[in-house]
Amino acid sequence: MQEILLAVISPVVFAGAVRIAAPLIIGSVGGCFTEKSGTFVLAYECFMLIAAFFATWGSYVSGSAVVGSLIAVAVSILVGILFGILVFRFQANGMIVSIALIYGAWAVTTLLLVTIFQVRGSFISPDIISYQTVSIPFLNRVPVLNEVLNNKIGPVYLAFILAGAAYVVMYKTPFGLRLRGVGMNATAAQTAGTNIRRYKWTALIIMCACCGLAGSVIPLSGVSMFTENMTSGRGFLCLAAVLVGGGNPIKTSIVAFLFAYTDALYLTLTSFGLPTQLLSCIPYGAVILVLIVSKLRGRRTAALGTRRSGRRKKLTV
Amino acid sequence: MAETDYVLELKNIRKTFGTLVANDNINLRVRRGSVHAVIGENGAGKSTLMNIITDLYEPDGGEILLNGKRIRFKDPMDATRHGIGMVYQEFMVFGDLSVLDNIMMGFEEKKWGIFLNRTKARMRIEEICRDYHFNIPLDARADTLPVAVLQQVEIVKVLYRGADILILDEPTSVLTPQGIQGLFEAIRFLKAIGKTILMITHKLREVFEVADEITVLKNGKVTGNVLPDEVTEEQLANLMVGREVILQAHKLNSRIKSPVLQLQNVSVKENGVQRLKNLNLEVRSGEIVGIAGIAGSGQQQLAGAVVGLTRVEKESRIRIAGIEAQEKSVRERKKMGVGYIPQDRMKEGVNKAGSVWESAVMGYQTVRGFPRKYLLDRKLAEDFTNQIIREYSVKTKGIHEKVINLSGGNIQKLVVGREITLCDKLLVIEDPTRGIDVGAIEFIWEKILRIAAAGAGILLISHELNEVMQLSDRIFVMYNGTLEYGGVHGELKEEEIGLLMTRGGDADEKEMENQ
Amino acid sequence: MKKKWKINEEAESNLIRYAAALLAVLLIGTVLIAVQGENPGTAFAEILKGAFGSKINIGNTLRHTMPCILTAIAAAVAFKSGVNNLGLEGQIYFGALTAAVLGYAFKLPPGVHVIVCLLASGAAGMLYALLPAMLKLIFRVDELISTLMFNFIAVLLTEYITMWWIMGGRGSDGSNAISTPPMAASARLPGLIQGSSASLGIVFALLVAVLVYLFYRYTVKGYELKQVGENIRFARAYGIPVARTFLGIFLMSGFISGLCGGIEMSGSYGSFTAKFITNMGWDGILIAYIARQNPIAIVVVSFLWGALRAGSLQMERMTSLNKLTVNIIQMLFVLFAAIDYKALFDHMRGKYMRSREAG
Amino acid sequence: GKKEESAADRGGSPGETYKACFITDGNLGNDFVDLIWKGFQNLEQEGWEIKCIEATDNSEFADDIRSMASEGYQVIMTWEDNVSQAALNLADEIYKNYPNTHMFLLDTYVDHDKPNCTSVSVDPFESSFVAGFVASKMTQTKTIGWIGHTDVLKIRRFRDGYIAGAAYGDPEVEVVYSFTGDYLDPTKGQEAGSAMIANYPVDIIYQSCYLAGPGVIKACSEGGIKCIGVDDWQGDLDPCVFWSAIKPMDVAVTQVALDYKEGKELPKQMDFNIAAGGAVYDERDLQNIPEELQKEVKQLVEDISTGKVDVYKNFEEYRLEY
């Protein structure tokens, strides 16, 4: 029992969480933009998976992780454009397009593995170059922080920077203000001179770029390989983080980090012989718990006389 | 020359929705520095026209001249840049944002080229508020504000954007007499400093009060361009609806009998705020009880408490036709014969996504009840719908048309028609004639009076003081959650009631003094 | 007389969508198959053969149609009333596990046993749907996300239950599969076509679809549910008990999902195996959307889906193509069917008119 | 009687092309599935017609088996217990309609009475035992680790074989274990490996995590410790993989198919254990361990083969009955 409690606060778990959190934070911070702009996208998983594949390919071809990521971002944006055309132009339902894309991504990447690399299931090669870990000198002298924060790959730090930057963009710039306006009341935003279509597109592109980057971090974080369905549900966790965080980049990142933390904790806890099936439930249970807690808090603020306007068409009972 | 006298000219504006011609070659000239009223029946195409001016809709044909020059706006923003600002019928607010953010949206002050400069924006807005005598809380969240304040926010927003021409779409429909006076003062002031105002309204009296020029629309066409001094109210009404309409309720003699609604000690608390305080009220069959009051003083909660949508405090007693009902659900009360016309008819009165018949029979399934309890009798439902459409002259292509395609006024008629047809005991009405034209108002008033005469008790909650005074047998004024007696029909003058609305009874005054 | 032949607007726009989507998919599919160095003709022929080539093949098609219909109906029931129940998969899992356990653990007379298993599976799905419903009603937790999470949890939890409670943590009989003991013959649904795994389940599915269709079209309750879905404030203001309705819809949707799991067990599998399906719930959601929540359209699309499924298996067996190709084709179909062609057409026509006017 | 008859039939027609089909629940691209497929490819060299069906969904298994039998495939091999279970369920029906078709249930340990089914196993317990033995001899820290993907019975065979072997080699050695929770995601493997290295003084980790395995190997390589591969020889993935507990399924596959072709009588169960000539390590790995240990390993394998060492001694529940 004591062991378990110790594990909960051990720096090892936090260090793991920081690493695992990187793609989750990057992806969900991107999702904040579409969420705030009022576009309903579920397809994080699709963007990330396709990005993961092309990051692997890019890195394999160019020998550089950064180039891999850039290619991943580009391809992810292309898929996003497909989404945008279907949803914005052709008025298709965002949810159904998302689900179809999530499905399709798995089939497409697997077929691409065959056509490009002539392998099935997984592709592993020493030519796939991952990101190198970065050592921050001054952290060396700080005992716990050093273990938790130091010697991680670049994208890990980038994730945290992105979260902060997204917050500033969202709440401190005209762009962010208008973006939120578009999501809250599109007609009103239009009368305020905002080009709704352009803002929705921009938000979508930002989201796709972020998901692309997030997806590229997965194969290039050290494993240097691509496997079928490699994102394995991370996209859904990103979605959950965005919904729980309400599209606020900071809150969303915190939630994403919480998921990463439960994941890291799981990896340590399995050594204690607890049933893995139950332990695996922890992140999902955590989502629900966080939701409950955030709603309880929401209730308190509601009591102070504020009201939330429903953004999506949904049942409020 | 005369050319430049007109700041805005519309020539042959045409707009169709499918086969429906909403604007049929409309010509309109607005003089600089004047207040120009556009009036017309429901669905006459006024909002559409205004939306064309601000480029929210693209016209199918015609041209717009601004300061004598032909112009084609690229987007609503472009119109704004050219000094045209619109206050929409449905306010364009961002509920989650602060008033400050609401106003500066789209016209942000910037810091270092990329960041928002809220300080500077605040200074500018405060200046505008000072100059034009507006008083609005800049840091409040928009959705916590009452409509009257929101309207000011909307006007300030338009001014902040540098508008020279202000378009107001039915600006008074949500205001109290005092609020309306405030608005008119603002309008006159704006005119005095050289702004041009284009105002849409249904209320003829207001037209005479502020307008310099009047354009009347009917069925998408201009039927008249007149000056207020040249016409009488009757003539104007005639232009609008094509026949004589005199807005005068003819109260019928009805025999007032046993109480259908008794409220004792009714209190409502919402999110910790006391909305209703120990109300006592009685509505008898055959009687119309009118409740006047400014927005936010608790009328909505009163209606909610009576129909069962709002939970009342423990000690409250509500009797409907003598039966204790405070614990009963909305549906049970409906079965007891309670009808309800909600204020927000677009959102609460109909299902916009559904077809007309679906909205028309709502409540029918429980009140009259279809003969078969579980199976829906489509034939009956359709007949009932057709009956309403006929009797209330709802303009629609048919009962399978989607409600969303009906104009605002016709949706109103649909709701009012349904409830009046269905109700036989107690009818709770909030603003029955909000946003509809004189012809329809006359018609609806008559219907209300008629069912009262037939023996229904009516609780009429209206922001239209005139309406309350004309229709009600007894008048109450709601102030801050309490009721003040306003006398029987014709006893008190409009000014006296208006005073009660803003100040409440003496008791409250004393209370205030004590604090 | 004339009126009888007039297709209603909705059916018409649905047909346009399906036709357009099929056409587009055929084109793209041809390219996709040709690129992989296979003859598209052969591939499509194999798909057709696999779907309808013989009695057995038709049986296979029906077998795959069944879960599609049920999950899609479950989804449609929820979506129609504005409930975002994405938790079909989880509800299927619990329904299946329940049916499987009752099927092996009890001895009941033949007819009764199946019915008990199926009803219990529906009840289990319903109970599992109760969780997110209560979270929504009590804590206002958005069901969209909670049901999504409950899906993941259901898969893990049923595996846990099977492995630790039912199998006692050990596979004593030597098999390593995490599965329950086989269900008794009395708990199995009779087969429909010899040599295929089509069972009487398809009849149940059709029955549910028809019932739901009739329910929405001809009952007062169905009318009310539709109003709740389309405008909840309206429904509330006129006395439809919204919270109860919400719960009812969730439970109904959960019941149908659970039933789907139960029929899968009784009809096809015969014992519950951990992770026995992948994405069945999502299939249902997609189909419900393509069919615009219309039960009759759902049956049609499900049949198409089942045929594609059975056909793709055949294609995989007979050609060098992988059924992932068909997966991609299916997804393209969804994407094309999701397009609002009417709006698109109107938009284009508007543009054309304007350009003509301008020019 | 019947059995011999059909066996004789099979041997009777020499001109016939033999067709073998592999129905797998896991996709190609995983070492173990690829290993089985390697066995099929050997058959192709022998002139067989081969076919692989990657069945992704449990609902497909029965259809696949029926159709392949009806297409005249004489040998149907199934992998993953779910497929095998479906094969067993269908066995009687297939026997009735297609008496010439024989089904091999790969990697199962199931007891059954179907004449046209043969369970073919290569029990990882022995190879894991040997790996555990090697690890216990190589560890400096007296702590070795094992990482599996999920806590399921099949995967526990690897763990407990490893523990048994380590205990046999050096009772002092402590074995720690954990699970990645996901068998497709290598980053989970990497994190699990890193966590184990950070939490315990392990210097050797044995991974049995399917596609997540390369992640564990990566973590070991980054953490500067040694790793033991699984299923196939994984020394090519990273230099830190000094040993692989192999499971020569390819050999088994080829051999049983050829047995079928020759008309040999096929038992209901067969295990390619050490005693039956199965390999548990790859010769290439021997150079990675001290010469002394090489001898000990060879001796151990010999002893297991002769029955002198009973690998299941403290793990009775894993003992195979045949």
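In order of appearance the chains are A, B, C and D, and numbering begins at 1 in each one.
Just so we're on the same page, a contact is a pair of C-beta atoms (placed from the backbone, for glycine too) under 8 Å apart; a residue touches a chain by one contact, two chains touch by 3 or more.
The chain lineup, named per UniProt: A, C = ABC transporter permease; B = ABC transporter ATP-binding protein.
Because the structure is a prediction, the values reported are computed rather than measured.
Colleague: Can you name the chain that lies farthest from chain A (ABC transporter permease), using the mean of each chain's Cα atoms as its centre?
Modeller: Most remote chain from chain A (ABC transporter permease), centroid-wise, comes out as B.
Colleague: Is the C-beta contact count larger for C-D or for A-D?
Modeller: Of the two interfaces, C-D and A-D, more C-beta pairs touch across A-D.
Colleague: Based only on mean CA positions, could you tell me how far chain A (ABC transporter permease) sits from chain D in angstrom?
Modeller: Result: the chain centres lie 37 Å from each other.
Colleague: From the C-alpha centre of chain B to that of chain D, how far is it in Å?
Modeller: Their C-alpha centroids are separated by 76 Å.
Colleague: Using the average of all C-alpha atoms in each chain as its centre, how far is it in Å between chain B and chain C (ABC transporter permease)?
Modeller: The answer is 46 Å.
Colleague: For chain A (ABC transporter permease), jot down the residues that touch at least 2 other chains.
Modeller: 110, 275, 277, 280
Colleague: For chain B, give me the residues that contact two or more of the other chains.
Modeller: Expected reply: no residues.
Colleague: If you look at chain C (ABC transporter permease), which of its residues touch at least two other chains?
Modeller: 163, 322
Colleague: Could you list each pair of chains that touch, in label order?
Modeller: Pairs of chains that touch one another: A-B, A-C, A-D, B-C, C-D.
Colleague: Quick one: in the complex, what on chain C (ABC transporter permease) touches chain A (ABC transporter permease)?
Modeller: Its residues touching chain A (ABC transporter permease) are 36, 81-84, 135-137, 139-142, 144-146, 148-150, 152-153, 156-157, 159-160, 163-164, 228-229, 232, 242-243, 246, 279, 282, 285-286, 289-290, 322, 324-325, 327-328, 330-332, 334-335, 338-340, 343-344.
Colleague: Which stretch or stretches of chain D touch chain A (ABC transporter permease) in the complex?
Modeller: Against chain A (ABC transporter permease), the touching part of chain D is residues 27-30, 33-34, 150-151, 176-182, 184-192, 194-196, 198-200, 211, 214-215, 218-219, 222, 237.
Colleague: Help me check something: in the complex, which residues belonging to chain C (ABC transporter permease) touch chain B?
Modeller: It is residues 218-224, 226-227, 230-231, 233-241, 354, 357 of chain C (ABC transporter permease) that touch chain B.
Colleague: Going by the contact rule at the top, pick out the chain A (ABC transporter permease) residues touching chain B in the complex.
Modeller: 168, 172-174, 177-178, 180-181, 184-185, 187-195, 302-309
Colleague: Spell out the part of chain C (ABC transporter permease) that touches chain D in their complex, as residue ranges.
Modeller: So the residues of chain C (ABC transporter permease) touching chain D come out as 56, 60, 63-64, 67, 163, 170-179, 195-197, 264, 268-271, 273-274, 276-278, 310, 313-314, 316-318, 322-323.
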